[in-house]
Amino acid sequence: MDTTGTVEGLLGLGILLSALYLQSESFIDPLASGIAVQSLLVAGLIGWLAYANGSLELAVVALLVLGVRAILIPILLRRQIRAFRWRARELRAAQRVTGHALAAVAIAIVAWFIFQETLAPFLPPIPGVALPFVLLAEGLLMLATRTNTLVQVIGYLEEENAIVYAGVLFVVAFPLLIETVVFLDVLGVVLVSIILSIQRNVFGAPEEEALEELTG
Amino acid sequence: MDAASVVIVVLQAGTVLLLAPLVAGIAARWKAWTESRRGPPILQPYLDLAKYLRKETVVPRGASWLFVGAPFVAFAAYATISVILPIVTPYPIPVAPLADFLGGGLLFGLAGAVTLLAAIDSSSNYPALGASRSVSFTAFAEPTLIVVFFGVALITGTNNPYTTNNVLAASFASYVSPTHLLVMAAFFLLLLFETGKLPVESVGLSELGMLDDGRTFEHSGRLLGLFRWNSWMKQFLLFSVFLNVFALPWGMLSASTVPAALANVVILLGKMLVLVAVMVVLEATLAKVRLFKVRDFLALSFSLAVLAVFAFAVLGGA
Amino acid sequence: MNPSDPLLWLTVVLVAPIAGALLPLGFGVVGARRAARAASVVAWVGAAALLVLGANAQWGAYFGIDSVSDLFLFVVASIYALSTWHSRAYLAAIHAPFLTSQRYYALLGAFAFAMLLTLSVSDLGLMWIGVEGTTIASALLIVLERRPASVEAAWRYTLIASAGLSIALFALILLYGTTGTLNAFELAAHPLPLTAPIAFAVSLALIGYGTKVGLFPMHTWLPDAHSEAPSPISALFSGVLLPTALYAFLRVYDVVAAPVPATLYGLVVVVGLATAVVAAFLLQRQRSYKRLFAYSSMEIMGLAVVGVGLGGIALYGALVLVVAHAFAKSAAFYTSGNVLRHTGTTRMEEVRGLRTRLPWTGATWAASAAAVTGAPPFGTFLGEVLILTGAFALGQYAVAAALVVVIVISFIGVNWQIGRMVFGSEDREAAREAEPIRDLGIPWLCLGVTVAIGVASLPYLAPAIRAAAMSLGGSL
């Protein structure tokens, strides 16, 4: 096995494991660290590809992912739970660790089968080429199954990571890649900082509530 | 089968039978250090064993032959496993083809099953409770073990522990392949569960959280002694599989001579001390999880094992 | 400065809303309103000029418009201008400390800019950025009032829409990986056979942009966002945001070579039909009239997507329906805002006897409800008939039957509920209240445009029906 394959394989493994971890963890604080680690791995992978291909554009993308998603957004997320950092937790998820972990594994396998049946023949046979799609499915699973808004933000960030991952893996350089990455990140920051802080002021705690006005 | 081979087979079986209590004793001693106690002497397990063998054996009224026979069957199962794994040689010893990984797994299962049956046969409430408790978790552990074997088979193309050892020792790329790393992690978690370590289980006189020992409340004297010995052997065997097959496959002398095999015993003991140290650190730093969280722990181990197979398909193994 | 140069007018269309977003921040309440109104009218003039010129041109790698863009640009600019002019009534009545006129108009301009940008670019990646931009601006508009329900609605909207758009971006990456370009016009000029990755990309785009269009089952954000947004913004949501997202999908759908294989267009038709059916049944049991209109929009979008899937005359019908609906639904939402200000509630069972209390508002409302559900004099009716004709022309009788059922059910549902509020009587006779007739001018303008669209499209109906009849085996 060549070095590139090994590096891509190991980083891909880390990303896969981080997705499993994010789906089964219920405390917010370690989840923020988890998404930081995942972003770090994605940034590392892009950085490696930038180094291997000698691409400056990819290097910039790697730095952006590193700076915004691995550092800035986790800090912003932690600020949301500053007052109750060690207690911030999605209680419902805490009781369903087994279910969430097995669901993460199951959805990964399903996504892989879909990928294998439809896209795999048309993409370069590099190790982990199915992973962006799997990661996208994991992010969607997280958005669908978790109720805490901060956890949902983390699910959304996972999806963003999947997009960037796909952008560098499926095609060597997606046009407008930097622009879209920046845009996704701006959106992430806007999401996290503005709406969440308003939500905290209005509701008191970032837990989704059923409002009578919004039913039907 | 020449004389050297016979000696090596006997040496391997003897290593497991006789050194298992020693490893348990070292572990107990070191664990005591982390708790600022002096702890029992390292040879305490041998002394315990001698004591049990001298004590009177009481069999509950109504218990059948199963109650008495179970420790012996389990002992025989572990003794058989001890000659099929790469413990003192990196090459298969003459009796090794008795069983592969799967066969070894089945023998482990047999030992566990008869212990359970004996617990139920005692017609006492406490062991039956312990049995049902342990079986409700083992049900989650067994699939993990099977999938771990699948993962190993994917890397090496065979279910033979010796081949696995050779492949991993020879190829670093195989060693760092995602599949192997995940299999190793899953097996390590399983190891914590099977050998009754924190955060799954804490063993002690006043512990209600114990899983394994809960099944042997009604046994006494020689029968209890055998059960103790069994559990030490089980730990020793699982440790050696983990070390010699998965984690540290290197460093075994491959010459088929008795001195080389003896040297391998020493090397294995050295590796095992490292593992024991790791376990002691884990036990000192981790808190026990609540009983119902044990299922989550095992689900995580299972997920890792499945991901190992998955990673082979997605990331490619080597 | 050549007035027949489309680039000039496109620049006007894009620069005016930016000015409309920035200028209000530097003025007081009155100045902000005037600046925003001026900018919106300038943008409308530009879009109208493009429509009149029938602009069809490309500039550089990123910008380009054709007749479809012209049409959508005009509709967006129109509703933008109408909403801006109608906002005064809303702002005068609302008292939320965080919501100032300046912020409101600035975000409104940004929202319009994002939509106009989406419609004037040729690069699918940039188009995606435009659609995503609409999410940010509009979510902030919903959150401005800072009531618990509106914050929650904004949250759900942002999260679901962004998640859906991530899928759309994924589709674009796949598309680029397969074709090597993201220029919509280039792709449309050289349509591709339907290979697996293309089919996969188009399906993902249907899910992704479909989230923003409000297609079942990704529609859950839609009623929340529509009902919690200020009424002028609800009109923009319903009337033009959903069509803008549909436009983005159309551009991706265009990539596939002309006779679209049955598997793909079947998927589009099924998704559209499912959306329409679900919306038609959900709107029956709503308790808030703004949610009622939201589900009605969802139903119309479902019909439009069916039209897109069927193609041909049905696609034409879909465009007529979407354009006419934009104006009709705007009238409905503007009037809803007036009703909300007078009654103080969005719950339908608490609103009765508008005929005596607010006769003019009630009449406008009833007319708008008829318009959005496709009553005969309005353009929406013609759009629905054309889609039905298209379904018959293709021999899709089951689809046609389902469409008829959906249209009838939603027509009865919406008009019955609105009718009860307008004509139903209260226990005690209510006195007639003072109503600002001035606020009703814009809704009536919208309704007039809707009728005009119907009349203008009428000549196309006969040939369409003739074609349908021919394809059914008739002869003339």
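Just so it is clear, A, B and C label the chains in written order, and each chain counts residues from 1 on its own.
The rule we apply is simple: a residue touches a chain if its C-beta (ideal position, glycine included) is under 8 Å from a C-beta of that chain, and two chains touch if they have at least 3 such contacts.
In this text, all values refer to a predicted model and were calculated from it rather than measured experimentally.
Ranked by C-beta contact pairs, the top interface belongs to chains A-C. Located most centrally within the structure is A, per distance between chain CA means and the overall CA mean.
Across the assembly, the mean Cα position most removed from that of subunit C is the one of B. Mean C-alpha position of subunit A lies 32 Å from that of subunit C. For the pair subunit B and subunit C, the distance between C-alpha centroids works out to 66 Å.
Subunit A and subunit B have CA centres that are 38 Å apart. Residue numbers of subunit B whose C-beta contacts span two or more other chains: none are found.
Of all residues in subunit B, only 173, 176-178, 181-182, 293, 295-296, 299-300, 302-304, 306-307, 310-311, 313-316, 318 touch subunit A in the complex they form.
Residue ranges on subunit A touching subunit C, taken from their complex, read 118-119, 121-123, 132-133, 136, 139-140, 143, 149, 152-153, 155-156, 159-160, 162-163, 166-167, 170-171, 174-176, 179-180, 183-184, 187, 190-191, 194-195, 198-199, 201-203, 208-209, 211, 213-214, 216.
The part of subunit C that touches subunit A in the complex is made up of residues 123, 125-126, 128-129, 132-133, 135-136, 139-140, 143, 146-149, 151-156, 158-159, 162-163, 166-167, 169-170, 173-174, 176-178, 182, 195-197, 199-200, 223-224, 227-228, 282, 285-288, 291.
Contact residues of subunit A toward subunit B in the complex are 1, 5-6, 8-10, 12-13, 16-17, 20, 24, 97-98, 101-102, 104-105, 108-109, 112, 127-128, 130-131, 134.
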